[in-house]
Amino acid sequence: MIGRMLVAALLVATWSLPAAAQLTPDAEKALYEAAKAEGSVNWYVAHYSTEIAERYGRAFTEKYPGVKVNVVRATSGVVFQRVVQELRSGPPQADVLASADISHYLELKRRGQLETYRPANSATLIEPMRRIDPDDQYHAVSFGLVVLMRRTDKVKAEDAPKAWTDLHDPRWRNQIALSHPSFSGSVTTWTAALNKAYGWSFFEKLEKNKPQIGRSLLDTNAMLKAGERTVGMALLQAAAQDQDKGEPIAPIYPTDGGVVIAGSMAIVKGAPHPNAAKLFMEYLQGEAFDRLQSQDFFEPMHEGVPSRTGLVLKNTKLLIISPEELLKAAPEVKDKWRDTFGN
Amino acid sequence: MPVLTLNGLGRAFGKVNAVDGVDLRIADGEFVSLLGPSGCGKTTTLRMIAGFIDPTSGTIEVDGKVLSSTKGSLPPEKRGMSMIFQSYAIWPNMTVGQNVAFGLTLRKLPADEIKRRIDNILGVVKMTHLIDRYPAELSGGQQQRVALARAIVVQPSVLLLDEPLSNLDANLREEMRFEIRRLHDEFKITTVYVTHDQAEAMATSDRIAVMNLGKIEQVDDPHTLYTRPRKRFVAGFIGRTNFVSGKRDGGTVRFDGFSVDADRLDGAARSGPELLYSVRPQNLRLSLGAPEGGVIAVAGEVAERTFLGEHWDYVFAVKEGGARLRVSAPAHDVHAAGTKAWLAIDPALMVPID
Amino acid sequence: MSLATSIGEVRTRLANRGVDWTILIWIALAAILIFIVVNPLARLVLSSFEVVDGKGYTIDNYFAAYGRWRYVQALLNTLVMGAGVAVLSALFAVPLAWACARTDMPFKNFIRISVLAAFVTPPYLGAVGWVLLAGPNSGWINRAWVALTGATEPLVNVFSLGGLILIMACNLFFFIFVFVTAALELVSTEMEDAANVLGAGAFRTAFRITLPLVYPAILGGVIVVFLQSLALFGVPALIAIPARYPVVTTQLWQFFESPVRVEVAAAYAIPLLGITISLLGLQRWLLRRKGFVVVTGKGGERRITKLGAWRLPLLGYALFVCALSVLMPMVVLVQAAFSRAWGRGFSFDNLTLSNFQFVLFEHHGARQAVFNSITYAAIAAFFAISLSLCIAYIVNRKLLRFSGVLAFLCMAPFVIPGIVLAIGFYAAYAPPPLALYGTALILILSFTTRALPISYTNSAAGIRSVHPEMEEAVRVLGGGRFTAIRRVVAPLLKRSLVGAWILVFIPTCQELSTAIFLTGPNTRVMSVLMLDFSEEGKLEQLSALGGVLLVITIAIVALGFRIVGRDFMLRRIS
């Protein structure tokens, strides 16, 4: 299968070491001055929770006093809609868009509504994250993974599903937590990746187990925490964080591969604070931020930053779907989803 | 000199002519009532005088100055009149004193003058002790007095009243009737008073204008109006009456069941041969024997009777022709139904109707 | 003085009086209404015929909107849901209204206050409460059920059509309660006595005489509830998606996702308008012939029906309804608001204030949203009431010709579901030249539009209560119309206007279905934030924020009680 081949290709490829070039102090200073004049940056963000996004925003302001980050947290579908609405109605209010649904960037790019900018810091990233858009219109800022998770007090590690396909086991009837691809970009990616790996029958079988369907990839954690469900899909980072906080939740890395969510961001064309947006983008691709972010169980994007989940990406099976593939597949899988799951 | 003049005043609402060509001249200090059944256009006329409604024909003048015409009207607040409303329209958010003071403060009188006038007028309407009450704490009669005080204290050029007593009970109504007349005698304000109650109009007015279907039927002082009604409507509306119609035949006028010499009857010399007379029940006398002494004697019988306490109300059936006349008789004058009797009619009390 | 000159004088005075300003005012009011009512709607209809992302007109949007069975299915689902909500609301409201208005049932005030509380709680908050109560595996009810009976299947599942209907009915039955209470207070006991004399008992009398007399009120309430339920967005988002029961509002939302198809959304929204208008037509038709004593108002005394042995059963039912609609959801919401994780239950180590700390101090958007909600709602309520008061005044005093048109426009938003209105506003004012998208103004204006019908009914009732002669008495004494308004009308209306303002303020403060489409980064309101929280599964923080909203609302209701007396809310809504 193409998916597997792609994964395999990725696994054998050796990552070329990043070039040393990064944002020079002079360039940084100039950008900071310009950003300070603008005062703030409006960040429409879907792929972090509110607390984390707010915390990252504050960290940025700590490093660059005088540039405030206005966090507008919503799901990918919502942030995208808002940006599109704004762009239709005149100069946008959003500076930086962070949707988990890569097709959103492609759509905006097609309409010529994204700013072209190549962050100097992008050169420091590991290869799969470096310049994911050859035209430099959107940029990777986090390495997310969609995996399985379980309620530790209700499902023992040995009983837990090991692979995505294990979810078809009737044991998990009324026990699975999923999310809706129309409301969550990460879930769209996940749906497209699994559709690519196993075909749509994977979902038809899944439906037989009557999963509960939430509206965002964080909803599933809430369902487990509440005791509503016992296993589910999860953002690795979110599940690991919950585990860390002492919640009865543990991530499970599926043997058939975690789905890579290249958490991306883009600067909206005509953004009200373009320099602040660029500075913010530089910051997000810098190593300092990577260290901060990896503390929250995101996989590091720089070679020298340790992973808190203990995953060694180079040795792990990954399901990757390219932006173009996703753009093509997204409407189709969302549509099929509604046919299969009836909502 | 006539102070208030209505010239061919008319008002149409769509196709309805609520007021239709009213002419009226009201002298300075005169008290005139508009009397008529409900819906005859009294309120509309009054509100045109006040300036709330614009006429669709005719004019309203005060001292020769046109206030209302079809081309436009002076707004009510510029007319220097006063009005007392059916609902009293006492402002519930102000005390008695504030209500009465309102018009004076609008006229920007000095404070001590306002106080003097309020004290005076509240004394006149016997409300001095209630000056700080709110309207909700007053009885209907007291509210009415406040309304009167409020309207009079500004010394209006014309005082307008729209059925001011209709919300009071009967006793109070009678009391207030005299109160209103007393205030008029004291202040001599030109007054237009709207009512559908003839007793009210009689008790208060110098002259009464009887209205029907938007038109004035007759304007006269109360006594003339009662004793010499000129229109069928007026005779029927003011008090009760019998209408008898006759035909002139040479020197006599033939009625149903009796005839009279034409020269003994008022207005019998008029052009047409068809004549109509009104004769009040209390001007007819019932007797068992034939009456004498220059009156017309009519034979017949007592057809129905109703005892009303103060008097008897008989229906007398005339023998020839079968006309039925109502007769009012004192309480001691008892006749059983079916009794053969005579009726005495004084031709001088037969009033010709146009 | 000749007639000609005096007429000339009248004319000049007329100019002073300003015959023209009335025309100007009419034009100004009409312009405002066109801006906030007519144009958004016209744009909605128009854009349903526009080519997506292009120029020209087409009918394709309707094919896109109805060309798929799934979309039609969502519409049918919505109607089923609305009918269910209407019926259940009537079952809740009518017995309670009768019990509170006409019987000697004990604790009537407690029941009344609970009903009010059910209304003051935003529906989406109630939905969260019910998720905590009746989630199939984790809800308190099901956990208790499983623990007590050892059953393997849950007792109730909130993520179902039934759950959807129950949650909506719990909030909306208030309308029927208020309508019916008001009507029952006008039914003379003599009517009931007449039936009693003929040998009918209390219940037979209630069913055969009293209830049929208030049938118009019940019908009116049922229709309002039905329409309101179609237009709710928050509850379907929380319940219908997991329940896999697509409805119109969630479907509309999906037309806004990539690729955004406002035009198709507009086309899809048009039938909601159609349904609303035809229902109101149906209501007219149903009430066309029968004589209903109720509408004639007063007459006869009103006595209380003695329930005898039925007192406690009826109280039991009333408490049951209140428990479903307020008490149970409130208890779990409060628990969640003070919990680290609500699922861990009522234990000491689970107790925390951190959720409140988060929403009040840490989350930078939350304080802003609280502030926004309150200011927008306050301003919108003020706008709506000022506007409708002007119009009610003009209509009632017949100051202008065609003022009926203005009244009609004030009432028209009643037939526009909030989400549809939002799309209309979006289509009309989001694009240049006005480019209002994301501004506070567009939210305030749309809230104003939403609030117009309630404001207008209240203002008109207020104006009607001030006899025109009150003003004429001012004018005849020499005061102009504005003096009359300032010195008499305004003071007399003060109380009822404060009441109306609160009545408008509370639902506006909780508005979601319009706000969700029109809010921008700096104009988020509490309701939208709560929905975002729910997407992240932050039910504890959501409960805390909901608590903040409720505390504010209750403070304002209490203030209202203070200023205008206790039952302003239960009396004056229609």
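Lettered A, B and C in written order, each chain numbered from 1.
Everything that follows uses one rule, which is that a residue touches a chain if its C-beta (ideal position, glycine included) is under 8 Å from a C-beta of that chain, and two chains touch if they have at least 3 such contacts.
Since this is a predicted model, take the numbers as computed values, not measurements.
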Chain contact graph, described as a line, ring, star, complete graph or other shape: line
Pair of chains joined by more contacts [C-beta pairs], B-C or A-C: A-C
Between chain B and chain A, distance of the C-alpha-averaged centres to the nearest whole Å: 92
Chain A and chain C: spacing of chain centres that average the CA atoms, whole Å: 39
Chain centre separation in whole Å, for chain C relative to chain B (CA means): 54
In the complex, chain A residues that touch chain C: 42, 44, 49-51, 54, 70-75, 77-78, 80-82, 84-86, 88-91, 93-94, 101, 103-104, 107, 174, 180, 182-183, 212-216, 218-223, 225-229, 247, 330, 338-339, 341-343
Touching residues (chain side chain C, partner chain A) in the complex: 70, 132, 135-139, 143, 159, 237, 240-246, 250, 254, 256-260, 262, 341-343, 358, 362-365, 426, 430-432, 435-438, 520-522, 524, 532-539
Complex contact set, residues of chain C against chain B: 1, 3, 6-7, 9-11, 13-14, 17, 19, 467, 469-470, 472-480, 483, 487-488, 491-492
Touch list for chain B against partner chain C, complex: 50, 52, 59, 61, 64-69, 71-83, 85-87, 89, 91-93, 102-103, 106-107, 150-151, 154, 160
